[in-house]
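This report concerns only the one structure given below.
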Amino acid sequence: MIVVLKQGVTEAKRDQLINWLQDLGLRIHLSVGEYQTVLGLVGDTSQVDMDLVSSLEIVDSVKRVSEPFKCCNRKFHPEDMVVECEGVKIGGGHFAMIAGPCSVESEEQIVTVAKAVKAAGAQLLRGGAFKPRTSPYDFPGLKATGLELLKIARQETGLPFVTEIMSVADLPLFEDVDMLQVGARNMQNFDLLRELGKLDKPILLKRGLANTLKELLMSAEYIMANGNERVILCERGIRTFSDYTRNTLDISAVPMLHELTHLPVIVDPSHATGMARLVPSCALAATAAGADGLIIEVHNDPIHALCDGAQSLRPEEYTELAAKVMQLREVVAG
Amino acid sequence: MIVVLKQGVTEAKRDQLINWLQDLGLRIHLSVGEYQTVLGLVGDTSQVDMDLVSSLEIVDSVKRVSEPFKCCNRKFHPEDMVVECEGVKIGGGHFAMIAGPCSVESEEQIVTVAKAVKAAGAQLLRGGAFKPRTSPYDFPGLKATGLELLKIARQETGLPFVTEIMSVADLPLFEDVDMLQVGARNMQNFDLLRELGKLDKPILLKRGLANTLKELLMSAEYIMANGNERVILCERGIRTFSDYTRNTLDISAVPMLHELTHLPVIVDPSHATGMARLVPSCALAATAAGADGLIIEVHNDPIHALCDGAQSLRPEEYTELAAKVMQLREVVAG
Amino acid sequence: MIVVLKQGVTEAKRDQLINWLQDLGLRIHLSVGEYQTVLGLVGDTSQVDMDLVSSLEIVDSVKRVSEPFKCCNRKFHPEDMVVECEGVKIGGGHFAMIAGPCSVESEEQIVTVAKAVKAAGAQLLRGGAFKPRTSPYDFPGLKATGLELLKIARQETGLPFVTEIMSVADLPLFEDVDMLQVGARNMQNFDLLRELGKLDKPILLKRGLANTLKELLMSAEYIMANGNERVILCERGIRTFSDYTRNTLDISAVPMLHELTHLPVIVDPSHATGMARLVPSCALAATAAGADGLIIEVHNDPIHALCDGAQSLRPEEYTELAAKVMQLREVVAG
Amino acid sequence: MIVVLKQGVTEAKRDQLINWLQDLGLRIHLSVGEYQTVLGLVGDTSQVDMDLVSSLEIVDSVKRVSEPFKCCNRKFHPEDMVVECEGVKIGGGHFAMIAGPCSVESEEQIVTVAKAVKAAGAQLLRGGAFKPRTSPYDFPGLKATGLELLKIARQETGLPFVTEIMSVADLPLFEDVDMLQVGARNMQNFDLLRELGKLDKPILLKRGLANTLKELLMSAEYIMANGNERVILCERGIRTFSDYTRNTLDISAVPMLHELTHLPVIVDPSHATGMARLVPSCALAATAAGADGLIIEVHNDPIHALCDGAQSLRPEEYTELAAKVMQLREVVAG
């Protein structure tokens, strides 16, 4: 950690700061330049509150030289991590197609969609049983019943499934779930992350609406530091001023995360755009940018089909997209 | 709810949509204009998925005419709500000064600060026992011990206190807490909100980093719809491109929220700016904008005092600021 | 245009508004519903100040049913526009590779880079002669001399070139320039846009840092309404809270713009990311998303080469990327 | 300037960088630590392209220790600057009330409003003659005629006036204008800034929609470095995800700018919010935050008055607000 002092700081004030830092067990390299004084902190700086130090009156700025994330840091794990989920591999050259409806609605619905996406090439089924809803008056999902329906769909198709968990209290219900998803709104629900770190199941961790890549990695770190290394990161759009799409897909997050971490990185173009007709372009873009997989909403509801719309693709649209994604993968990975 | 159809939509497609909406139990007012066709939906439109409808291919746009929030909507409660907390009133002309350290660290610390802020005019003590930390390696707070120290400080000073709850699982520990705070990262932890809605205690609900005012109100609605009407909203800065301050204090949220809801609105200038030296200006601005209170970090740590810094004010700085806030209140409210 | 009135508006106030709108020459369809009153405005609503109306006390909201852009609106021009520049076609299935150094520095530099990018498959040369610099103390470009060097490079390679114009006053110097670029900071320099609308040259219009797609289209409209239809739009990253990259590449802007307008849409991954090592992934992503071309910075400076870095690619990196882009194009367009 | 190298950089690569920096005339302090290597650059670092260096593969990060702005830097000018405009002082304890209509529409309108705002206590008149409009089809202002009308209003009331200039080409028309305004969209129109730097008139420089405080100061630097030191900065709202108001008033910019620069800082609550009913709260907030003045839109149009709305205040609303601002000033400045 490097602390740059302001110009004109008195020696007395400077030494008070140095003494305080030394009391924290750090060694200090003092470098007094013509125009600047810099303190180099050596030792375990993870305990130093960077915000506190940078807000001190005599401090101009503070820089952490070593990143605060360790378990998920590529520096210490140069090889890509391959996360396995019931035989499906993700990362390190393995590309995962995950698809299914936004919400599980009925046995017929989930089984039909599961069969359709499997036929199109999907290896994992998605479907919401516990739904985070902005309004307390909106449909919160079928909950436990939804999980049972997902298991039926799994039995019918052989596809393992991923579904969102919203609360530590619901954990017992998720024992027979193949992969647990942490939604964007819960990315910093640290208690939940900690508990997921104690499981022996892969975790799909979605980036929060306004979270930096560093914060996403710190949340992965919560899970990994508690013992569960099987974390898959998911870019799903961030909140910006741009108002045509629901969110803004941060496509450069894919190569940037690949540089920072060895964890697999997938993309959710359905939530990122909120518009079915933009999903194919963004799914192809994510594939070209090097994503390790795609999680896409597919429905089978006649009204949707009738009206040609919504965030979800129709099965035939997904089939067409999946074929193109495969073609693209060959060029990108080849 | 108003649905504007795109130009050139066929009657067949239009009627399919109308039939579907009627199946949901709605009456439809069809208005065919020269350049546009508009459907007016009458009935209980709360069950209509606005995102779905607006994404239909034949739909140009959808507008909800009645807001989806009811319990916290000023339209139905024209009078300001006054929230009481152990004799302290907030809202409807009652201004609350809430102050205390970021984290509870020791009995001496919390009692000293509590006495200092009380002397300066604060009516409520704040202090973190359970701390949400971005990193799993950072200090998570004294937890249960911290709550006990807050109670001691309350006994010593008579100040009721507010402290953050992060998880439903911790609720039993909060039985003797006067006001519970929901932090920015948990603003959409809907399970937590629902449980807080069953308490008979005031809730301080902080706006999330990237949440709109409507989303904040919907989260208040979660608490209120479950029976607990004593909600205080808190603007604490939003995440923007601006990089000088930690967050950007959205000052216009104060008058805007006052227009939308009858709930009290307070401001946290400490987290909004992240810099102690900007806190006084922003606290005065919030007061002038009509806030119903201020929650400000005050510490009593000699190192902080020594170094003149951090997000927290020193007690003497808080005393000076509190006096100015009182003066300003007289002009603003007068 | 649709005007939704607030609940409980008196007839007197409502009629005042109707009279005022009628005085503007509009016909009003009044629709009084159980819960809402809606005015449908028919006629030339382009003169109605939407912000003004929506801010009236009795108005709940206003919606423009017809977009305010006409010349660049795909509704009126369903066929893709193909923009030609000295024999190079862009749009409508024609993909343009534009490349060259950030700034023109010397004859040797620009000619060397021009030859290298041509060999790699680029059809257009880019190079800055007039450079917008945040600081008045930074190098502002070689200006007129730079334009002369670009012409030499054109003569040596046969590549037409695009370069940025910053001021109407400089127009006479640009007579022999093949394509003029409007930089992000000048996207709403309306006087400049108007003058460019009088030229018979293609214009490369970059999206501003914080501009919506609608604003970008309105700026294209400025050029087109003045007679010059040859406008190419360029997504080059927007400013968000995200801090790893210089800007955030808004990849969904590509398909969205293709839906809204018939103009070609290209992407600048160099400025969008600010980091050479992210450029290839983002260039491939843009290609997969359906962009009509890429504008990429390539340099040939030994120091850059030595140090392996900067926003610009080295010629050999560009050659490799260009080959991959071509492969991808075949899959995407095929 | 401080350059932090990545871990594990070879000595050869490091020395290449050092040689290159030395060739730029800089002295290098090399500090090799256990975990990090830091280069301290001494000399005229203003010529070093920070983005270039920070993007080099071997570089972890770069920090500029001395700010790149000099003329407007408070470090070199500890005393507040007082800008004078025809006898009206702004800054250094002098508070300026600037008010008037958005656009100049007619002699009667501008004279009536000018008299009204003067009676309310305004010292400067504002009014747009050249209007930046997003759409080429919108009213662009009365231009030269508008300037003439402003002069008539000045003659009638004695109020000097400020009005926006959009283009260098219009400069001759502004000879008898008292203060020139640079609008948000032109904040980085560097050619315009440079020309304004050659005038002997005060310049009101508005912050761009998505510009940082540093960029605002660099634009002020453009004007000042060319000889004109009379610059007034204006915060007028930034573009964020927040969608209730047109922009988000960045209130903390006021104290932050006061710390960074000695230039006066005023606030425009009309554009920041876009809603007349939010203007008073935000104007009072700005005053409390220490702004050196307020620029507020006031109209006198019967339709506006009739309908109670728009971004502009009615004269009687302004009068009431102005009185409250004066009261607040006494508390804040007292």
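A, B, C and D label the chains in the order they appear, each numbered from 1.
Rule of thumb we're sticking to: contacts are C-beta pairs under 8 Å (C-beta built on N, C-alpha and C of every residue); 3 or more make two chains touch, one makes a residue touch a chain.
Just so it is clear, the structure is predicted and the values come from calculations on it, not from any experiment.
Asker: Using C-alpha centroids, which chain lies at the maximum separation from subunit B?
Answerer: Centre of mass proxy via C-alpha means gives C as farthest from subunit B.
Asker: Sort out for me whether B-D or A-D is joined by the greater number of C-beta contact pairs.
Answerer: B-D
Asker: Between subunit C and subunit D, what distance separates the C-alpha centroids? Give it in angstrom.
Answerer: Between these chains, centre-to-centre, one finds 26 Å.
Asker: Between subunit A and subunit D, what is the gap in Å from one C-alpha centre to the other?
Answerer: Distance between chain centres: 38 Å.
Asker: Centre to centre, by mean C-alpha position, how many angstrom separate subunit B and subunit D?
Answerer: The separation of the two C-alpha centroids amounts to 31 Å.
Asker: Do you know which subunit C residues sit against two or more other chains?
Answerer: In subunit C, the residues touching two or more other chains are 210, 239-241, 243, 277.
Asker: Which subunit B residues qualify as touching subunit A in the complex?
Answerer: It is residues 13, 16-17, 20, 46, 51-52, 55-59, 68-69, 132-139, 166-169, 185-186, 188-191, 193-194, 208-210, 215, 218, 221-222, 225-226, 239, 246, 274-277, 303-304, 306-311 of subunit B that touch subunit A.
Asker: Within the complex, which stretch of subunit B touches subunit D?
Answerer: Touching subunit D: residues 210, 212-214, 238, 240-245, 248-256, 259, 272-273, 277-278, 281-282, 284-290, 324, 327-328, 331-332 of subunit B.
Asker: Where on subunit A does subunit D make contact in their complex?
Answerer: Spelled out, the residues of subunit A in touch with subunit D are 2, 4, 7, 29, 31, 33-36, 38, 40, 42, 60-61, 63, 65-66, 75, 210, 239-241, 243.
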